[in-house]
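Letters A, B and C mark the chains as written, and numbering starts fresh at 1 in each.
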Amino acid sequence: MKNKVLNKIKNMSGWTDLIYSLFAIVVAFIIGAILIKISGYSVKTAYTTLFNGAFGNTYNFTQTLVKTIPLIFTGLAVAIGFQSGLLNIGAEGQLYWGAFATTIIILIFPGLPALILIPIGIIAGALAGGAWAAVPGYLKAKTGAHEVVTTIMFNYIATLGTTFLIKNYFKAAGPVDQTAKIPEKARLPELMANTGLSWAIFVGIATVIVISYLLNRTSLGYDIKAVGENASAAEYGGINSKRITVITMAISGAVAGLAGSMIVMGVLHRFITNFSPGYGFTGIAVAVMGKNRPWGVLLAALLFGALEAGGMSMQLFAKIPKDLMTVVQGLVILFVAAPSLYNIITGSKDTKEVEV
Amino acid sequence: MDAVKMKNIIKKFGEVVANDKVDLSVKKGEIHSILGENGAGKSTLMKILFGLYTRDNGEIYINEKKVDINSPSTAINLGIGMIHQHFMLVNRLSVTENIIAGQEPIVNNIFINKKAARKDVKDLAERYNFKINPKAKIEDLSVGEQQRVEILKALYRDAEILILDEPTAVLTPQEVEEFFEVLNTLKEAGKTIIFITHKLEETMEISDNITILRDGKKIADLKTEETDSNELARMMVGHEIDFSVDKKEMQSGKDVLGLEGINAYNERSFLNLKNINFKVGEGEILGVAGVEGNGQLELEEIIMGLMNFESGKIYFKDKDISHYSTSKRRQLGIAHIPSDRLKRGMIKGFNLGENIILGSEWQKPFAENGILNKDRIFKYSDKIIKDFDIRTTGSRSSASDLSGGNQQKLVLGRELSREPELLVVAQPTRGVDVGAREFIHDLLLEMRSEGKAILLISSELDEITKLSDRILVLYEGKIVANDKADKFTREELGLLMAGHEGEDIDEKQSTK
Amino acid sequence: MNAVIDTIFSLNTLASAVRLAVPIALASVGGTFSERSGIINIGLEGMILSGAFAGALGTFITGNPWLGLIFAMFAGGVLAAIFAVFTIDLKANHVVAGVGVNILASGATAWLMQVIWNRRGTSPGVKGLPEWGIPFIKDIPLVGPLLGKQSPLVYIMLAVVISSWILLFKTPLGLRIRMTGEHPEAADTLGINIRKIKYFSVITSGVLSGMGGAYLSLGHLNRFSSGMSAGRGYMALAANIFGQWNPLGGLGASFLFSYTDALQMRLQSLNLGIANEIIQMFPYIITVVVIAGAVIRSRPPEALGEHYDFKK
């Protein structure tokens, strides 16, 4: 009886994916250890400060969660795109517009009560991000322009554009290029004082639930996945794959826009130019690691959030530049994208091509 | 002496044993046929001989010397050439480039000597009586011409042993005759020819010796002059085949599908559909005969709304559906069994349940207001798996685990269970074993007696003649004949498929 | 307004555009090789960046920018080799692996900068490649300022573009590369070693991109600056598509991008009343316009992006 259950679990593709992903992390960390050793540092110190920095005490754990939150959104955004065969590398630009829209609409209507202001802020962020992604989506549908190139170009245009608008129209007094702070009632309540950890985490988990439901239990989700698996067959079945491309990009962008909203409403409480340390790009690693599944993305986001928080600690205490964690990120993406490696090393014959 | 001897060849792909201790002996200078059903292991065996696959066990002897063939280069060096069923030709490159790649004549140690290359190709073609333009791009050539380029590729590399994989699959009956003449020319030049096929008549006509494979095993070696089609059929399949068919006489009713003056241009294949006019009525099977590549794909896709057309109209029961979306057409009651079932007909990454509701995922009972009802989906799917005898572990298993015949049954199950009024079915039994083939033919005839209209597109002439009430012949995008099935002889159909004129189509068209 | 028109047509701008075309054009030709053999290479950006870093590092260590150039080509090649293993033998999705390579390069260059020089942001200054004045040509009016006195990498770039074109369309290796990208099975059945061809093409793309990166740190600035590739690898991708997978076309397209780059730099200094950020957007907007227009008519190699099963 127990074996039957175990076998059933093993045969669920989620299980194999988890193993592949864990395997990738382990290999990436081994390579990271080699690099640490080569640069003359102690691997033990490095990895212990890394771990402590992420999970060592309550405060550190809150910081891990704070860093996790934007990654949940950008990871989901990229994952949604991947499920439809689209590579949304533009989450970075989409989150900037999301943050911008949220900030501005709150600043324009400071008089509204919190019960309206907060939802409006969130919706504005989602709409802005969605619109910014829908354009490359439309270009892909209409002209076939590869979304990798267009979304990347749009990232540059977004950072330049938001900087321009802030500097010239919404700048608060002072030397820094930033807006004024949003009123207290528009901020997401803190979960723990002076940590930056807010209700944004619940919004994140709620989004995971919604997206999971969308992808797995709705007809639209069916269409999105069908186009990603086999666009020709989807068309044969009557699905308008061009329409789905635009819709998927819009949803993806909306979720990325929410990342920006959450940062503004939960942590920064204002828009500061160039505030993102690359959440949009890390989101790609998160999506790939999470095998494009919403709950997998949640776990992967936690992992990368821990790497971010722990990385800062590692830099502070063990003097190891946190850019090393970016290297690990890149390695993780490479390894996760190549499941054949796992097969080669373990000698297993299952060459199911895992499409990322 | 034996040009080729293969002893005790074993080849496995995972659990499947494609070649199970197969022996083969081919004498120098003979034409040897390897006969068997789809999936018998013929292609696998020859790909081992040509070095595309590596054998798991067994020995190979070329000209009575033991050899190890691990790659096509080795095979080529041993004088073996292979002409594949799906041509290994690069569309965008020229005839010459395709032929010389890998063994290019060089000038100044760096550059390809284009002039010398073209001359070599021309001389070679003339030696075997092939008419070919060395500068032409492959995509501009006809199928028969492309096949000749493939043969030239092998001859350019001094192949003495030629392997041909289902060479007549893409040829009209007349082109097949021309092809046989080519084979005889090659035989006279001393070449040894091995010919993979599932066609009995051709085997009887051209080969000297026959080896029969079934389910991965070698069943028999026969001298052609000592056997006949019936014996071959029996050995190929393992039991008697009933070639007759019980087809009720049907009175066809109202028109269900009508095409009027359809003109279209497919930029991918450069094919023009010209002035297509025909009707299909209730309880009628209209067979579209023709060698693949003469407009069948375009016809299929235009009717389903997957391809645009320039002018003309499409009618479904008096409604003009010319501009309806694919989705709308399906909802009206048109079902489609596509010619490319892997590309169009199913989604490998989805499970069976999900595949079975493809196209219906927004409709009741499978979904309400855009929310899927998984219970109902799997229940429905289970029923179809049972009704259509699809061999699988269940509705939740992945469609990629299905064999070719079962994939086709999945597509049929999905489409037929929607109770369509019009069925557009293309190449229904391609890559499907004999048992499933009979099942599918019976299904189509059953739908016909229930009053459904069926447009049957097939390059298998036997299938067309067996099932159709009326036959239409497509040649280079035009309808060159349209009449009751019993008005044609097989020879006439063959001629029409090759573009030879019978009478003018207007004269032959009976009133409908 | 006159100032703007003058700037648009000035020889100064054009000469600058020729220079700035170097990294994009070299990476674009690299992309051509890779894609002609069937491998989509999004990692050009990371390969340029690694080349820029290694070029600065090599020059710093040896004091000789020419050796630095060799370092750059080597770094690009190594990164490409890693990418090749993942995409060719390990069957990774090309685009995802490319993104991974870019992130890897971005992290590695920043990390190494701290480990080696204890610096964040920019490396120490290094000796750059000297300009070459071509006698005779540099004195011809019009052509002179454009081509007569430029960084040696400009001349190397032109030589690379022309010899790549010859290689791809006139030599056996080129024919085999093209066949591999259009129909690998056909090439395989002719006994062509497609694995070697793919590796060669991908590593070449890395070497060339690395060379392009060297221009950034040894020709444009005389140091490595974090993230200095600034999207040029993606422009190179677009240039390759726009140039229809032909080195000569890629050069033309690269020049278009570099021209808008040169233009925006000069327009900024004119104090036109348009914000700098808006002007800086030009190259990126042009890239989008180009790629949206170019793809409609483009015909990539038929087997681009596919994996080939080598062992059977």
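Operating definition for what follows: a contact is a pair of C-beta atoms (placed from the backbone, for glycine too) under 8 Å apart; a residue touches a chain by one contact, two chains touch by 3 or more.
Bear in mind that the values here come from a model prediction, so they are computed numbers and not experimental data.
Of all chain pairs, the one linked by the most C-beta contacts is A-C.
When each chain is reduced to the average of its Cα atoms, B sits farthest from chain A. Per-chain CA centroids place chain A at a distance of 29 Å from chain C.
The geometric centre of chain A is 46 Å away from that of chain B, both derived from CA atoms.
Centroids of chain B and chain C (each the mean of its C-alpha atoms) stand 45 Å apart. Contact of a single residue of chain A with at least two other chains is seen at positions 355.
Within chain B, not a single residue touches two or more of the remaining chains. Of all residues in chain C, none touches 2 or more other chains.
The touching residues of chain C, when paired with chain B in their complex, are 166, 170-172, 175-176, 178-179, 182-183, 185-192, 299, 302, 311-312.
By the touch criterion given at the top, residues 47, 50, 52-54, 71-73, 76, 82, 84, 88-93, 97-98, 100-104, 106, 110-112, 153 of chain B touch chain C in their complex. Of all the residues in chain B, the ones that touch chain A in their complex are 14, 304, 306, 325-331, 336, 338, 343-350, 354, 358-359, 361-362, 367, 370-372, 374. The touching residues of chain A, counted against chain B in their complex, run 217-220, 222-223, 225-226, 229-230, 232-240, 349, 355.
Within the complex, the chain A residues that touch chain C are 35, 39, 87, 89, 139, 142-146, 148-150, 152-154, 156-157, 160-161, 163-164, 167-168, 281, 284-285, 288, 321, 323-334, 337-341, 344, 353, 355-356.
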